[in-house]
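Letters A, B, C and D mark the chains in the order given here, with residues in each chain numbered from 1 onward.
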Amino acid sequence: MLLGPSLALSAVLFGIGVIGVLVRRNAIVIFMCVELMLNAVNLSFVALSQYHGVGGRVMVFFVMTVAAAEAAVGLAIMIAVFRHLESVDLKNINLLHG
Amino acid sequence: MTVVQIVFYVFAVAAVIGAIMCITQRNPIASAFWLVSVLMSLAGVFVLLQAQFIGVMQVLVYAGAIMVLFLFVIMLLDLGGKTSDRRGAPSWVLAVVVGGAITVSMAQLADYTPDQLAHEISGSTELNADVVLLEGQRLQEAIEARGVVGAIAEPLFGFYLIPFQITGLLLLTAVVGAVVLAKRRI
Amino acid sequence: MTDFLSSLGYAQWIIPVLLLVPVAGILPILLAPAAQAKRIALVVSTVVFVVSLGLWWAFDATSGNFQFAATLPWMPFWGIYYRVGIDGISLFMVLLSTAMMPLAVLGSWHYITKAERGYYALLLAMTSGMVGVFVALDLFLFYFFWELILIPMYFIIGVWGGPNRLYATIKFFLYTMFGSLLMLVAILLMVWQTAHTTGIVSFDYAFLLEHAGELGSAAPWYFAAFALAFAIKVPMVPFHTWLPDAHTEAPTAGSVLLAAVLLKMGTYGFLRFAVPLFPDVAMSPPVTALFISLAVIGIIHGALVAMVQPDVKRLVAYSSVSHMGFAMLGIWAATVQSVQGALMVMIGHGLATGALFFLVGMLYERRHSRMFADFGGLARVIPLFSLMLTITALASIGLPGLSGFVGEFLVLLGSFENHPWATGIATTGVVFAAAYMLWAVQRIIYNPLVQPENKALAGHDLNLREVLVVLPLIFGMIWLGLYPKPVLRRMEAAATRFVEFSIPRAVTVQTADGSETEGAK
Amino acid sequence: MLLTLAGPAAQALEAVPRWLVLHPHWVWLTVALPLAGFLINGKLAIAASGPVPLLPPKLAQRITEMVRRYQHGIVTVVGTGVLLAAFVVSLMLFLGFQFLDTQSAYVLRLWSWIPVGRFQVDMALQVDQLSLVMLLVVTGVGSLIHLFSVGYMREDPGYARYFAYLNLFIAFMLVLVLGSSFLVMFIGWEGVGLCSYLLIGFWFEDKANSDAGKKAFLVNRIGDVGFMIAMFMIWTTVGSLDFSTVLRELPAAVPVGGALITAITMFLFLGATGKSAQIPLYVWLPDAMAGPTPVSALIHAATMVTAGVYLVARTGVLFAMAPISSTIVAGVGVVTALFAASMALRQYDIKKVLAYSTISQLGYMFLGVGTGAFAAGIFHLITHAFFKALLFLGAGSVIHAMHHAYHEVHSSEDAQDMRNMGGLRKAMPWTTVLMWIAALAIAGMPLSGFFSKDEILAYAFGRGHDNPVFYLYYVLGIVTALMTAFYMARLMAMTFHGKSRTGADAEPYLHEAPWIMTGPLVVLGILTVFGGMINLPTWAGGHHWLQSWLLPITATAEMYLRPELPHGTTEYVLIGLALTAALVGLVAGYRLTVGQTIVPARDAPEERGFWKVLYHKYYVDELYDAVIVRPLILFSQRFLWKGVDTRVVDGVFVNGSAGISRFLGQIGSRFQTGQLGFYVLLFVLGALWILRAMVGGG
């Protein structure tokens, strides 16, 4: 009976995460927004697993693991970038410019 | 409206407010703390959704470990919001339009019911959730038989063993990678 | 000899051996110390050459069919098989390829100083590719080998080449790639269309040859794609400008293989695929006229431009354009004489131009220059080199009694009957050939010996290794010039078959009793 | 060794001992001997100047030392020995040929050369009356010139190389005259061109010499194109290139005087003009004098340049069938004769005079064969070989003496310029006498040259009966004879008579050449005097021996074209006219030259007026250079290379297509801002799009 509201909440949080990614330039804040979006997805998994079986909950574990790994590597990259550029602001990071 | 629903909405509103604050705060540390509040609220929601173990994990791993890592890095790099990293108004408008569009598209699921899920899975309007969604019932039975942890542990170390192991490998790789990236000299 | 070979089961294993042994030789090269790489490459390529010599005796000259043939499934679901065989056309191309390889290794002995292992490994890989192109009887397999050659050549020029090598490699690669991709499209479409009409998916050459008549209105397009790929490789005017650049920048062995073997892949492609598969298109008057004009233009243009080059290698490159024009003229005139002449031109050009590039390379190793302005009077200081250069140059300009003449003469003789004017103009190419080549020889080895660097060459004549590189080629030139009969005899059946195939199949003749019969086939 | 005696000739030749005769199948020896000489001398030439690469170093060194010590001797013995041997073999073959029961050609098939389908050419040598005559001339005169060279080239560092080239030349020349088909003849044809190229540029360190060699080869090649096209036409018509088949079947296959036979003969004649230095391709021969003088004597006077005449005589029946062609051949011949003779009038280089004289005399030969008097043409070829070789060798010993004299006093004067000579008869009596014999012969005094030239002119006059243009040819021929006598007398007077202009210090060093050089001169002198005997006309008590000997060759041609010799009074008037012209020319030339004061080359003033035009050879070289050579090079360089290849093909197409790709790439790269936010936005938009699709679809 909480299925619909949970999915709606998940959608709202995901949307906020997207907006956050788009409006911020601080790479670490962007990471946090990504975490937010991952959590929104987790919520959907959990909500649906009540009816669809245990697979959804197992998946949440995997998502958490990936999030942790991503945070570790991502933050390490940030440290490396910061060492070079003295900043983690995306406007300064444009090595990909063609 | 039952108590459970009221509690759910309280947590939901808290999560949404926390999320909005998270993305609007100028200081990354504040953002991080607001994010912790979102994660806590979500942990509550998980409990309400009968996923107590995941709720606990959420608090321990996410709010506890990952966010601490974030805070640690923010403080290490001394990013305490001296300058604003927010983009200008056009970006905001664009972001709100795009994000809003996504939210609205998905928020249509607010009145989604288990029966609709059953219909989508079976492709038939005749059958209802009780007949189709046997996996969900089995989960309930497993929780009753082995408790919330056991119910997850059994498939995790059984059917999902290999993905689980691969996840472990991923973590190991991430650890090594993080060390390589962050250290000046190895 | 024939009995001995057949007692060894030569016919069964020769082609796989030629394809696999060079590739297998790469492994020891990569494992051995870098200084040993050239020795291993020399041994492997010599073994391959010696083994391939058996083809000379094992080949049945009376038969125009494919010999040493074998078929093994590769991707049978798609109709792709390992199908190989050798006829009189490919026999000499295979022998030319295997024969040039030990010489190329010897010729690179001191020239290559960096990354030797990689270099010699690539040379061996190329051996397999070259043999593969000439023995493949499955269009997919052919395309596979065709493209396989590009990669080693790309690296040989791009890594071990001269200062402007990047431009040259990219030009070479894109030029040839452009043509061959269109050819791939044509091959696939042709197979698809044939599969559509016959219900059998097959890349088999013989099968496609049989059903090529049913392609209908698409045939001109297929022919155009094939012809473009081959014309670029030959190279025909106006697709020739990659050649001087590639030659100039390539290391000695690269130039030699490019001239001696790779260009022949183009003419071979015309002889094996483009013309026999689509004779109605290829031998229709406008197409014939087009190709004969281009061939004649190529002969004259190549020779004239060669005349004014300041760089020896560019001169030789343009002379290749001119010589390959003779080969194209011979193919398109499509008489037994002209086709055999074209094949002889291909062989003779392989020997003579190969030797020229070797000699230029030897000169470059001594003088670190390829500019005519830097030479002069070398006959006084390095007579042996001068002698060999003279003989080679004479073979190249087609002096009777040397290899170049037999081919050129046969081409012109065979073409004259049907295309007298074109042949007449082409014959004047002989004069221009003499002009650029003799002028080149004069500016290198004659004229006053003034520059101190040149005077210092005294006593640095060719050494034993260098003589061993060039002498076999010179023997070949004299042999082919004086006694080409054994060669001509072995290619005659295949050339006749080509001529028969290149008669448009649609032609029907009204016989005396009014019934229609297939044109002379 | 031999052989079957048969036929009526047997009785006449019974006296000849068996060991003196050879069966024609030994003809390969005559080619093989000089070839072997070439290989040995060539090896020595290479070995002398560098290490022997194919042997172990110690052995190689010993060989090198030995070779160094004995090289000169070995080269001399081998170089001249093979040729003398070849001459002896030729004589024996000549005798042997008499013993054959048939007088038709003997063809020795060595091996099948180029067999392709119905195109079959054997490597085969043909022995018949014509090739035997040529064989004797080439090996005979060749031997004498080889002997002369031993003295002339003694001190040259390239001695071995010289003899190697010379031997190779003889081998190719014999292939040329012995080849049994057009194609085998073509081997020799181009081969002698090659040797000529190598020998003209023998002293290659002087750029002018190697330029001259290259020019000779190139101009010859232009003629060779004609030869090749003629071969294509012949093969297309009769399917064979063998002389016997072609000369038998072609007359039946094509109409007399038709376009095809005219085209074939004209292309053949183009080949002949290249090799035999006729208008318009004569320009290489004067430059060819850059080679050593014996080379000029052998190649550019006696043998190679006559190959064109030989070709026309060999294919005489074809020319006889094409009246237009034969008229053109005769016309080109006589015009060349006149033109070249006029240029010889004002040359000062002794070899240049002789070179133009050679061109002029070749013109006579073409007049002869063009008229249809093939035997007369060959006759003049033979006598010319004698007297012109003598003239060149004589000039050679003059140059030799001058060169030595100037060498002794370290002077850099031109040893070949006649203005530096004069009065040499005192120092060189033998040479003077012998040169005078040759000069009289060429001028038309009744020595060998007189008979042959007179016969040609007489035949030309005779053909005027059918074709009046030949009367004109005859007149031009007489004028040429006058000029010939004039410039020869001038040459003799300037060189041997009058006061010495050599310079007081150098004069005492002038001396007669050694016996190895004068010996051959004497032999040639004898031949020059008595050479006319081989075809002595009836009025002089002869039997036209050569003409009847060559009858088997010329008989078929005479079916189509048979010029008549004038008889009776006309004949004597013509002889008188020719003699008068020669006498007038000689006397005038001598008197005018001796009476004139000549200044040595160093102080000589610039020529003026028409003399200048003559001195500069009518500016033909300059004309060719300006009209053909330079425009061609400019066209190749500016238009074909820089224009077509670099600008159009590379510039527009290759780099153009690269430019288009680059342009498209630049447009694409605009989207690569490098700003992560932008990428995220695109990503989110994509996600939204997919979401829309799913929600809409579900």
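Following the convention adopted for this analysis, contacts are C-beta pairs under 8 Å (C-beta built on N, C-alpha and C of every residue); 3 or more make two chains touch, one makes a residue touch a chain.
Predicted, not measured: the structure shown is a model, and the values here were computed from it.
**Q** Would you mind checking which chain's mean C-alpha position lies nearest the centre of all protein C-alpha atoms?
**A** C
**Q** If I average the CA coordinates per chain, which chain comes out farthest from chain A?
**A** Using the mean of the C-alpha atoms as each chain's centre, the farthest one from chain A is D.
**Q** So how far apart, in whole Å, are chain C and chain D when each is placed at the average of its C-alpha atoms?
**A** Comparing mean C-alpha positions, chain D is 37 Å from chain C.
**Q** Approximately how many whole Å separate the CA-defined centres of chain B and chain C?
**A** 67
**Q** How many Å are there between the centre of chain B and the centre of chain D, using C-alpha atoms for each centre?
**A** 101
**Q** Mind checking the centre-to-centre distance between chain A and chain B? Centres are C-alpha means, answer in whole Å.
**A** 9
**Q** Which residues does chain A have that touch at least 2 chains other than itself?
**A** Answer for chain A, listing residues that touch two or more other chains: 18, 22, 25.
**Q** Tell me, which residues of chain B touch at least two other chains?
**A** Residues 87, 91, 94, 98-99, 102, 105-106.
**Q** Among the residues of chain D, which ones contact at least 2 other chains?
**A** Touching at least two other chains: 677, 681, 684.
**Q** For this structure, enumerate the chain pairs that meet the touch criterion.
**A** Every touching chain pair, ordered by label, is A-B, A-D, B-D, C-D.
**Q** Of all residues in chain C, which touch chain D in the complex?
**A** 171, 174-175, 238, 240-242, 301, 304-305, 307-309, 335-337, 340-341, 377, 379-380, 382-384, 387, 394, 399-401, 406, 409-410, 412-414, 416-417, 420, 423-424, 427-428, 430-431, 434-435, 438-439, 442, 445-449, 459, 461-464, 467, 482-485, 488-489, 492, 496
**Q** Across the complex, what residues on chain A touch chain B?
**A** Contacts found on chain A: 1-20, 22-26, 28-29, 31-33, 35-36, 39, 42-43, 46-55, 57-58, 60-62, 64-73, 75-80, 82-83, 88-89.
**Q** Using the touch definition up top, name the residues of chain B that touch chain A in the complex.
**A** Going through chain B, the ones touching chain A are 4-5, 8-9, 12, 15-16, 19-20, 22-23, 28, 31-32, 35, 38-39, 42, 45-46, 48-51, 54, 57-58, 61-62, 65-66, 69-70, 73-74, 76-77, 79, 85-87, 91-92, 94-96, 98-100, 102-103, 105-107, 109-114, 117-118, 129, 133, 135-136, 138-139, 142, 151-152, 155-156, 160, 163, 167, 170-171, 173-175, 177-182, 184.
**Q** In the complex of these two chains, what residues of chain A are touching chain D?
**A** Answer in residue numbers: 18, 21-22, 25, 27, 30, 90-91, 93-98.
**Q** Residue numbers of chain D touching chain A in their complex, please.
**A** The touching residues are 668-669, 672-677, 680-681, 684.
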